[in-house]
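Presented below are the structures under discussion, each in the form of structure tokens.
Note that subunit A is present in both complexes that follow, paired respectively with subunit B and with subunit C.
And now, the complex of A and B:
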């Protein structure tokens, strides 16, 4: 198989510190993400992984540090700006519109690219109709990619958990992102579902060249599919490098991986 | 019809180039391929395959779901005089080794990455496999294997070739003769290695034509292609008859969307194995129980009317005016909407075959206006041996011999068939061919049966499975395991059954419950359960199954031939019998011998009079890994009845 081409640094996190009152969620975290790579963030619960993602995404504003994306440096990220720059994410506990169908949920991911105004859309006039068809085609490609054709019209709330996670991923993909932030995409899945999700993540990375930042607890998955790993513990970075290096790091073993006795 | 498949394609393309030939649902919309486009695609594909070196008389395997490109591949191969061999797309890699080596296959055309991976896995064992061509490129971008190429590439190369050699395609098509081999189908034998059934253009088209004439099929039919292409039935309904009549074949989006696509297309000509009809009825009944009171009452009231009046109306018999009006009202309120939900609004003819179908099930569909009929045939006979005429439909027969077919019975009750549609031979297996095809052209079906008073054929069982009870009260009585198993499977709660009794004193049965039906039943009684194994072991479920078994016994006691086949003991299995574990064939027929060996401890326990037995079985997951499932099963007795003498 041909080797994947990993590019230059696309996202650079510099000295991020995040506090909630007295709780230090993140302390002086620095790491970078290269284009087209799969970067995993691992660590025990409460280590600050989701907080890190939230900082990149603009949900939290760090007290110190900065984030550089494609040469532009920001002290705080603005959610909308981040989305427009091409960074999409999924959520640990899903954030889907439970009453809407799968296709409508994924369509919402196209929101930023829809140009026609609300009046045109409401009356379904020419340009709005054509635009909707074009977006619908893109969404159908995603549905085909994620193999959820049978559930197109089903309200998302009625789907099993594993499928809801797929819809969440679909919605993020609908943004045609350059960077995809995945927050525990495999939480609560059985072996078969995890395999499917892995396959989708790898296919996204391979087919669309999307850079992936992945928070995950399943060590097997992390070691298998990621190019480099960042390890957090109590808000501090304790490891950073290729999976094999991190796996053998003493501090990481002590804090997170454990040893067999 | 003395012609060939490729010639028929060209005729349709010449006569009705813009008419729809095939549709495929992709990205949520139905995309149409016209006859002209189909012929062009086939022409280019043939050119491309020719350039890769496909020879006349060579075999080419095709593995995948129903897609226009798969059908185009088969036509392209046949245009070059090569022979397409479709394989089951859900077969494990190891199962493909024998067919590929047996037919010395160098070309494999497969649908997607999953199938490509299978081919690559067995490549070492099949060294002559040179070209692996795939349709859907997803996931294959980084594959770097010799001989691996996309169909798109081949078609593009073929297009160039066609512009340089414009007469090549037609010339090749002209070379094919009706008696040339057109396709080969491997039977999913219940014992031993599969055998390649060789059919010519003529054998397939002859039967296709006879069937089409019998049911007056036209070019306006709409058919849904959802059964495995490796199965002869799918080939007859969606390939041979498609080309013979020129109607439209619709390919569903994915296996998960078949029922949705069925509703959208509304086929006019439909085939499904009995378990599909059973499954539909079960789901209808379950959903009716969830409906509001008014709807439920309306449903049951009008279903009673349908049961009384429907079959008579379908058979064209006279029905009183009052009943007619009531039925018409029912049609508007219940049967029409019901047919619509099932996707059968436009069905003119629906067939089922392969297993016996329960009389209740049969009359349900006929009573709501679906012309469901049975047919009889096999891979070796290119399907159509017997068909049920529209006005002579009964649950317990398989029909009358159709045009060109002669039937006679051997001394041991085996059905022998003479027909223009018989196989040419079993590939490279003269011995097996001699065993089934006698010198004077009679084919041994290995089914036992008889022709009843009205000229209809009735099937009892596989000849080799018909046994005799030995010892005990019923010594010498005929035992037909399939007959007994089918009667049990007519109950919606029972999904599968395996009966033993040949050479034994009594009949014992192992049963699989139907998870949906029994699960629903349990939920309505507030009976909690943790999964299939747990549900299967509940004492309440055992009582439910015991009830079914005893009803079957009562029914058997009234049967002239088979009163001695009543079931004395039974158990409920902890896991469903599965083709992946070798317990069923790929067409879901039980492999009694294999099951007998694998579950020998249970059978011994049943005959030994034990009340419970521990068993641990190996299961194979879909990706080939194995695991173990174990349980302690309860073994129960069932009441049997004295044979009731029927009035002569």
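And now, the complex of A and C:
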């Protein structure tokens, strides 16, 4: 891959702690994400990866710490406000609109950007018609990009798992986000599907310049595609740095493989 | 033949009114995944408001013109339904985001009893008339084709036209607008809808407003036919088989389901009734619904339930 232009810090996570009653899901986590980079969060089961993502996404409000996105610090935000700021996400357990077609699912991602009056939309008049067409074009572009042209009109509930994952990614892309949060994009996929997904993630990063934060279980995949990696274990940060450095980190090896006592 | 057609038309018209009530259910279910038990109570509440405002408005403003009074009453009742929608979102639904469907169903059950009481407290519990000047005289059509022609109730025809317009408008809204798309998205998955920036709260207010207006129109038409009284709430129960037949998620389904039930009721009563001693009309719809539940649980037009194992 050609040299990428990684920019300034776009997302800065400072001293986040999250508790559910007595359970400490996250303890004092800090890391940052730079513009245009692919940043991975890894860790064994129950390490707090998804909790971390949900904090950034506004699903959970951490008890302590702050998150700064493009100079704007927020603590209590709901998912919708986060979406408006330009952060999109995909889900570990697919959360697609099952009854709707692929195209409609991805079109919902454009919702925030549709401005025309509801009455004009219903009657497909003038500006509304033009706007719909413009959005539709964007969506078609995404569909081409993800190579799901053949399934445009299929209700997503009927698609195989790997393709549903792509639609999920497509819907997030339709928002034209600045930061894309991917929650285990490769979970439950076979090798081929994983390779496809890797390619899409790299392409999104390349072509659209989207900053990507991804959670992954599969160490191999992550090491290949990410620029920097954060490692969590039991809600604490145990490693942070480029893949090679992390791979040789004692604590990380211990967390993943266990040690002989 | 003339008699058959007469029964058929009678059934279609009755069915149209079932459809109107069923529509209210479908709208809310489609858009929020909530089976709104309170739809019947909303119909009664809206009809009561309409009837009483039509009585009070001329007194308040010193109006003589009846049409104007009716229009004002309709608008006031509509505003009341909007306020109700807003309050329901604010006080009930907002606190139940991401909860199980059953929880939401129970909440609407609560709303039902509350509305029943509130409506009668504010507006009184007598039988009221809604007189929107619909022509009551029956007319004869197809005089030339059959002896004596076919008797049709003008009021029913108007009701059918109103219902058809409402349905057309709603279909456009759901299929063609971005808000409609957002509504369908919210119905499928709250969390995902929020993550792409769909404002859940606003969507809920919108859909309850639309359901409120549907209830108002249904209440107005039923009310002007039968008088506004407590038994209007049971109309909602008549709409249940309609939804099962048409599918809980389909606007056209609600319409066609209503028509099938209306026609089925009337035809079975007239032609099968004498054989079993009559009274079929009362249970025919439920019977049909049961058969559908056995063979096609998603209804005629409902979204097929697809589940991965």
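We adopt the following convention: the second predicted complex is superposed on the first by the 255 of 261 C-alpha atoms of A that agree within 3 Å, B and C clash if a C-alpha of one lies under 4 Å from a C-alpha of the other, contacts with A are read in each partner's own complex, and residues count from 1 in each chain.
Operating definition for what follows: a contact is a pair of C-beta atoms (placed from the backbone, for glycine too) under 8 Å apart; a residue touches a chain by one contact, two chains touch by 3 or more.
Since we're looking at a predicted model, the values are computed, not measured.
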In the overlay, work out which of subunit B or subunit C sits against more residues of subunit A.
-> C
Could you look at A:150 and tell me whether it touches subunit B, subunit C, both or neither (first, second, both, neither)?
-> first
Have a look at where A:112 lands relative to subunit B and subunit C in the superposition and call it first, second, both or neither.
-> second
Quick one: classify A:23 as touching subunit B (first), subunit C (second), both or neither.
-> neither
Could you say whether A:203 touches subunit B, subunit C, both of them, or neither, answering first, second, both or neither?
-> first
Mind pulling up the subunit A residues that touch subunit B in the complex?
-> 1-2, 4, 136-137, 140-141, 143-145, 147, 149-150, 152, 195, 199, 203, 206-207
Residue set of subunit B touching subunit A in the complex reads 26-28, 138-139, 141-144, 253-254, 256-257, 260, 623
Residue ranges of subunit C touching subunit A (in the complex, touch as defined) | 169, 172-173, 176-179, 181-182, 184-185, 187-189, 191-200, 249, 303, 306, 308
Quick one: which bits of subunit A touch subunit C in the complex? Just the residue numbers, please.
-> 57, 59, 78-80, 83-84, 88-89, 91, 95-100, 104-105, 107-112, 114, 118, 121-124, 155, 157-158, 161, 171-172, 174-175
